[in-house]
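Some structures are shown below for you to check.
Two complexes follow with subunit A in common, the first pairing it with subunit B and the second with subunit C.
Coming up: the complex of A and B.
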């Protein structure tokens, strides 16, 4: 299915303005209603006992002492929880059963082994300390390469190997391009696992009604209106007897799409005792066991170039450490092949991926969702090619950019890039960065023995995902069809002319209320502050994939405009009937329905509203009373994958672009990297709300600074113990690490979307890590350092310098 | 379980005389017994700063303090800032003007840390802000707009002070 958006005709009044954020007052006053704020009568509090071992057999569990503690209502082990709930869902993955509480074997440090519900959280935690678990410790698989050895212990004995998935796909003539290349640049890269770590952990309140066999779940999950049937399956509740209620969400960055383990544990506890139960992860739960963890990849990559620097072909060989289970399985590779060639006209791609099981927590989605290491390796290869071929890195990029007249541009994998002007973005970024000044400063500091570096990266941000990316790499038979990945909005105008929008996506830290307010205001010509926005629960029928894959502003714009126009058009007909005119002769301007060309003949929103609700005279084509419309906006442009995967279809076609130029200083003695300045030019199509987009981009860049310099899950090489179990060991960027970030926008509107909007949620983190790596390279050029591993912790930087010196000797 | 401890504590101007378990954290007292859910818990180990409140004019991590330590103390939380009629405090106004929040979960801690800073240093520089708020983690905003918000709040509070003073003179 594909549609092309109507051309932009009239000037816009609200779309494109930094209108005040509707979400702010409740957040600023602490009244937003996060999951931890939900209190139900008779509610109990949960806590979870977790395995200290990476891999062990559970020999026995004795819960008697915990059960005897006053205030404890129920204690569940994996076996007793299984009496109430079913295993986790996994999307197109090898059949491996995962339960929220482990049965018989634990496969990663922090896997749940028991859960308690008690009258308060303190008592629940006391009870956890009184549960006696006897383990038989098994060898821990930590190194994914070692785990690939056929003789390695298997994480799941039901599988033949720890290599659970291998696929090699060629798009275009890869071998021929390698053969005809003048230069083939090769680079390895290591992207370690990092976690989303929102400041609010995951949590749920479940309330089981044993009489009606129904369940109500409050949570900070995203997919309550997208995959409610998946939750019903876990909770063993009929799909039409499960009500999932959204809460304000204290950040997610991808990690709270499902939170199935949290919901399963909470639901099992509630079912076991027939009372409402709240379970909020503490930080240790969240770091160890949430769906927090992003990609964990080892790359061996090649870029083939002609003598003049033309990029011909790209080879990506990847080992991905999945951890012990799946969730979105191959989705993160589906995501990566939306833009493996970046903004460049590379004619062929080989994607050879091996997914390996180890004794670590499973991957989930984390801002970037698989394209983040993809950008890292591609831009590293381009920088290396520039060095090896003696071509300026800016010039090499310029020569290979997809050109403005080539859009829509189909890349080898089949995905479409909708629009862009990459050279204009690059030129403007070079301008605002004032590179000549920084080069002078670099020379001046070098003379003092100081090392300043100027980074540069030009990257894509695919946006508006189609969920077929989750499964099209899987299996030998024809893939499942492409999905519509919808978003809905209901608009109703009441009898007094009040406008209310009801949306299926939760408040996840982005600004759905503000965006919906702007769109409704645009369509009716009213002030956004007049629009009220409420969040639908799963009984509303609002289908919503919610925020994720930089889609929510694109999709909400389409859904809201569709619903607003349907209601507005009905109001025009009602007003026309009342004024005894033809609807063609009535228009809605500034929230007033007026006769075209007849000053003084008009009706207000309230007049039309009252007439439509109470005095519908049936003259307007026998329309029934009321002013309500639901519009479900399907993905605006997708094509299905072919059976042989030679063309994966257009699945991520709204493609934003950015050029980042960070300036760093590196202390070669301590290995400390300090950001001095940061320049960005971003093109995400029509900017819906400049202040909010800037917030998304800058926030994403700071996550990217974390990825570049400090964030990493570390595991004991021998025992697999998690060495970063809290935020004291797993470091997040603070105010101290952030430079002044200068941001500008260019706008090449998408031809596919409402108003021409593209995504902006992930670009910061998709570009910053590789841009900062190039800056560190540039700073340490006198040492011959080449960055191929993140994060660039002080230890690693000192090590890279020492290694480079050793190589030179 | 040891006997409960008596705590006489003033929270947002209201006096409370409570019996609490010795191990009850201030954060849990606020969120649970006093139903002031605006104070958020992010890490429960003093790293993230989301639970920051002002205890006797000092910014304090309410996840690291036992309620029993605070007999006779006065505590201010985010609920103390806005007026009952919905008028936001200058610090809250500044955060929304400068888009200094996104998900809003760290925000109550940021606001209280900012208030305490601005009460001590009415026109803080970047170093003052980093010194006072560098331990408050935000995963959404990238901090740039939080720094701008604190500066803007300082200006708004100065305006308010000067208009109050001129009001007195008039």
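Coming up: the complex of A and C.
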């Protein structure tokens, strides 16, 4: 199942260049075609009425006044929607059913209780105001620890407890490592829930054909070519009568893999009235009820070290507040165990996880996807060990890095790290940061009563997932076969030599067209701008898991190169036949098929294309007319978990690495943290396109700044009310909060992937939060502050200083 | 997030606007810059039956000095944009506190639409401009169809988003008496992000006599109580001081007796803490500016 890239010998012309982004012109001029641009004849507009309560029984719903409003076509409650659609997939074993519109009971603030389709969105919202819902308010479960109490109200009566899942797994000799350790450092940590908050919210246009019993759905979902059958199941449409059409996505950050609620509601409305319906979440809908709230974890963690600082074992005890429902089961913990030991040679790991249900919106995937708090707690432990053992934090990391000659390196959980040179990244980061200069500045400012801090973090970015991480924490029985998690590309060269690539993944805010253009250009020697790229709908058969887990450039470049080479090889044969030569003697250079070493004899792409399409002479063996190839690129390196899960297999083996050095200034009186400078050295293997990678890394760091300083869902301690219902309360960083980011790359190509590419989409956010925590610690060292909770809001910073001083507050 | 249906009225004369307010009372809302009202309408937190757009009413965009020798007053009419005020030479010369506080309101595009009077009339307890107006001993000019009255800022703000304005009244202008002598002012705040409403802010005006001692002082806070508030206890403690060290000591009582409204951006206790910290900073800076005009930042 592994493919090993041949050593790079030939010079590359397009791969590795900052080729201008193909997607930019249409995005910058508003012509990309978002879900809000889709208008179908007779289309209605949806709006959703949401629960103001965190937990309540629905006693009654009266929709008569809403239905009487002119312009209203249909009003659905949970019960009437259930006549048209089925519950949403949870990918979990537990009996937890989730419907897009609640039936009988609401379990989080903002859960949908009714939906309206009307002639315009204004009328639809007017109608929502006229729906009378009588609630019997139930006790709200807000604190996950309190929810674990056996006497706590249960979120789902189908379950025995709110602890919906508990598992403790040891890899390696954890107890022995703890026993033989010279020092065991321990830290708690609190990582609160955050979300993606893309500019464009989740949306769909559904059009039900009652005669053909078929459904067409336009949406900004990702999984239309990966799990189209799952949508068919929700919509109660046979899989071969569902057509899902991708729209350009106005930002995702991992947030729109399924968007099942939106598709279910839109589909139910369309089925109920037989007309096309558009429903696009507004900001309030999206903040309250999205599918992308990330992890919400309480850590109690230990790192065991030998006297010389050698890291021996790691213990992670985790309580994760899942909210009211499941989505993707334990994928966010699968994700975390891809790299729990970071870049260090830690011999054993204990992962003890309790997943708890509360009255909050359920978790989903979002940039970082469970590895984000993992990096936070690990780097906190390493910094704490350095402090307690009196070893410089840089030196402690050096002593424990996996060494370049140890790759591919198998970590205790079974995952593989493909390649890396962590010390080289660290050395270069220290160099570009000019650390000595900042230490001098720190001393100078301290004399003035100002507090400058220098952060440091060295972290992994696992990339290119294999979906076995979604389920392998379940059970001891024989596992499912490992999941191939494919990506597809179809290439066709027309009779005039024009190259078109059709891809299964949507435009999700990243740059698939640019990457495909580069790869096709590389293989044919043509200009990337000459390559046309189009997006496949779900009827094309282009299997594609799309962006997610920092995979799409890895997978798409593999799929595209495969298809391009198949077509190119056929064109070589066609050209060879036409030129009466042996195919072995023909090569494709600069888009021209010519005799190797014999200038003058050649055919253009168009000449070969015309011949292949219209003038197949029938003499070449088993080759029909035309130039089309579909290549499905399966995950390049994966192994299945063992029955007892003592080895989870290789499931996330393309592992990028980065060192971040942020410089902060902290005002200890107000608690304000200001970023002064930011330095990054990143290694994501072969850099496909430096401009694109810079955008990913910088954008990820900006989200990481949000995670470190401001982003947090908050709920009322007593009533569970969402206290952050808009972007006035839930804060995202703006350009004013982002310093200049100095970025450099080192490249250790992956041995597993096409061109040696690794992922780069999440690294910024996977590293920045813990790096900035380390910087704040460093700034406030004179007070003895230890950061163990994010975000570091002004109030928390002032509180941490007061606690460290022992002030009475 | 679409507003409920409403009637829109675009009066061309002040009397026409006042007639509409007299007719519709609580069912009407005045629209000036719309930076708060429209957002609230979209969220259906406010659903007025009639929106009275005063942007076409002539004369409300007055910005200038008036008054005779001895005492002059700076007047800002109801449609003077925050950005216009912030960049005005007259505001900078005669009420620099208003310019400094105004520059910290939201972002420039918001200030290009938002009005100074609108912020005052909205009476957000966290907003900068109401606190600045308090520290400047500002006056609120109020009109109804029946009458005209002038309200001291301290009497105008009655609670969170509440004022002494009657349903048929609107604010037509704010007046700021122009200070004389050696005076310095400062506005300092803590925001979660650049341009956000402050968690807490402090406005200070300090006049210094020929003896170098504080002869006049005003301190006002936002985000520290249910309304923008003056802090008389601090003012009394500072009067007569000549040493910045005294300000920190005086600021220790800045939050005594206040009832801050907690939010996800800061608890009541944290807001009290900030009130003390920011009051000291504002006083130190205002004093430094009064005694040494080149001094521009916190000492």
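Everything that follows uses one rule, which is that the second predicted complex is superposed on the first by the 803 of 809 C-alpha atoms of A that agree within 3 Å, B and C clash if a C-alpha of one lies under 4 Å from a C-alpha of the other, contacts with A are read in each partner's own complex, and residues count from 1 in each chain.
Everything below uses one rule, namely that a residue touches a chain if its C-beta (ideal position, glycine included) is under 8 Å from a C-beta of that chain, and two chains touch if they have at least 3 such contacts.
Keep in mind it's a predicted model, so treat the numbers as computed, not measured.
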{"item": "Simultaneous placement of subunit C and subunit B on subunit A, clash or fit", "value": "fit"}
{"item": "Partner chain in contact with A:729 - subunit B first, subunit C second, else both or neither", "value": "second"}
{"item": "Contacts of A:372 with subunit B and subunit C, given as first, second, both or neither", "value": "neither"}
{"item": "Comparing the two partners subunit B and subunit C, which touches a greater set of residues in subunit A", "value": "B"}
{"item": "Which of subunit B and subunit C A:607 touches, first, second, both or neither", "value": "neither"}
{"item": "Which superposed partner A:794 touches (first subunit B, second subunit C, both, neither)", "value": "second"}
{"item": "First (subunit B), second (subunit C), both or neither touched by A:36", "value": "first"}
{"item": "Contacts of A:634 with subunit B and subunit C, given as first, second, both or neither", "value": "neither"}
{"item": "Which superposed partner A:122 touches (first subunit B, second subunit C, both, neither)", "value": "both"}
{"item": "Angle at the Cα centre of subunit A, taken between the Cα centres of subunit B and subunit C once the superposition is applied, in steps of 10 degrees", "value": "40"}
{"item": "First, second, both or neither for A:523, with subunit B first and subunit C second", "value": "neither"}
{"item": "First (subunit B), second (subunit C), both or neither touched by A:28", "value": "first"}
{"item": "Overlay on chain A, subunit C to subunit B nearest C-alpha distance, Å", "value": "5"}
{"item": "Subunit C-contacting residues of subunit A that also contact subunit B", "value": "121-122, 282-283, 726, 728, 734, 736"}
{"item": "Touching residues on subunit A, where the partner in the complex is subunit B", "value": "20-21, 23-32, 34, 36-37, 120-122, 196-201, 248-253, 282-283, 507-511, 691-692, 694-695, 698-703, 726-728, 732, 734-736, 738, 740-741, 764"}
{"item": "For the subunit B and subunit A complex, residues of the former touching the latter", "value": "21, 23-24, 28, 31-32, 36-45, 47-48, 50, 77-79, 81-82, 86, 88, 92, 95-96, 99, 101-108, 111, 129-130, 133-147"}
{"item": "Subunit C - residues contacting subunit A, complex", "value": "1-5, 43-44, 190, 192-197, 199, 263-267, 269-270, 273-274, 277-278"}
{"item": "Sites on subunit A touched by subunit C in the complex", "value": "121-122, 125-126, 129, 282-284, 669-672, 710, 712, 714, 723-724, 726, 728-729, 731, 733-734, 736-737, 793-795, 798, 809"}
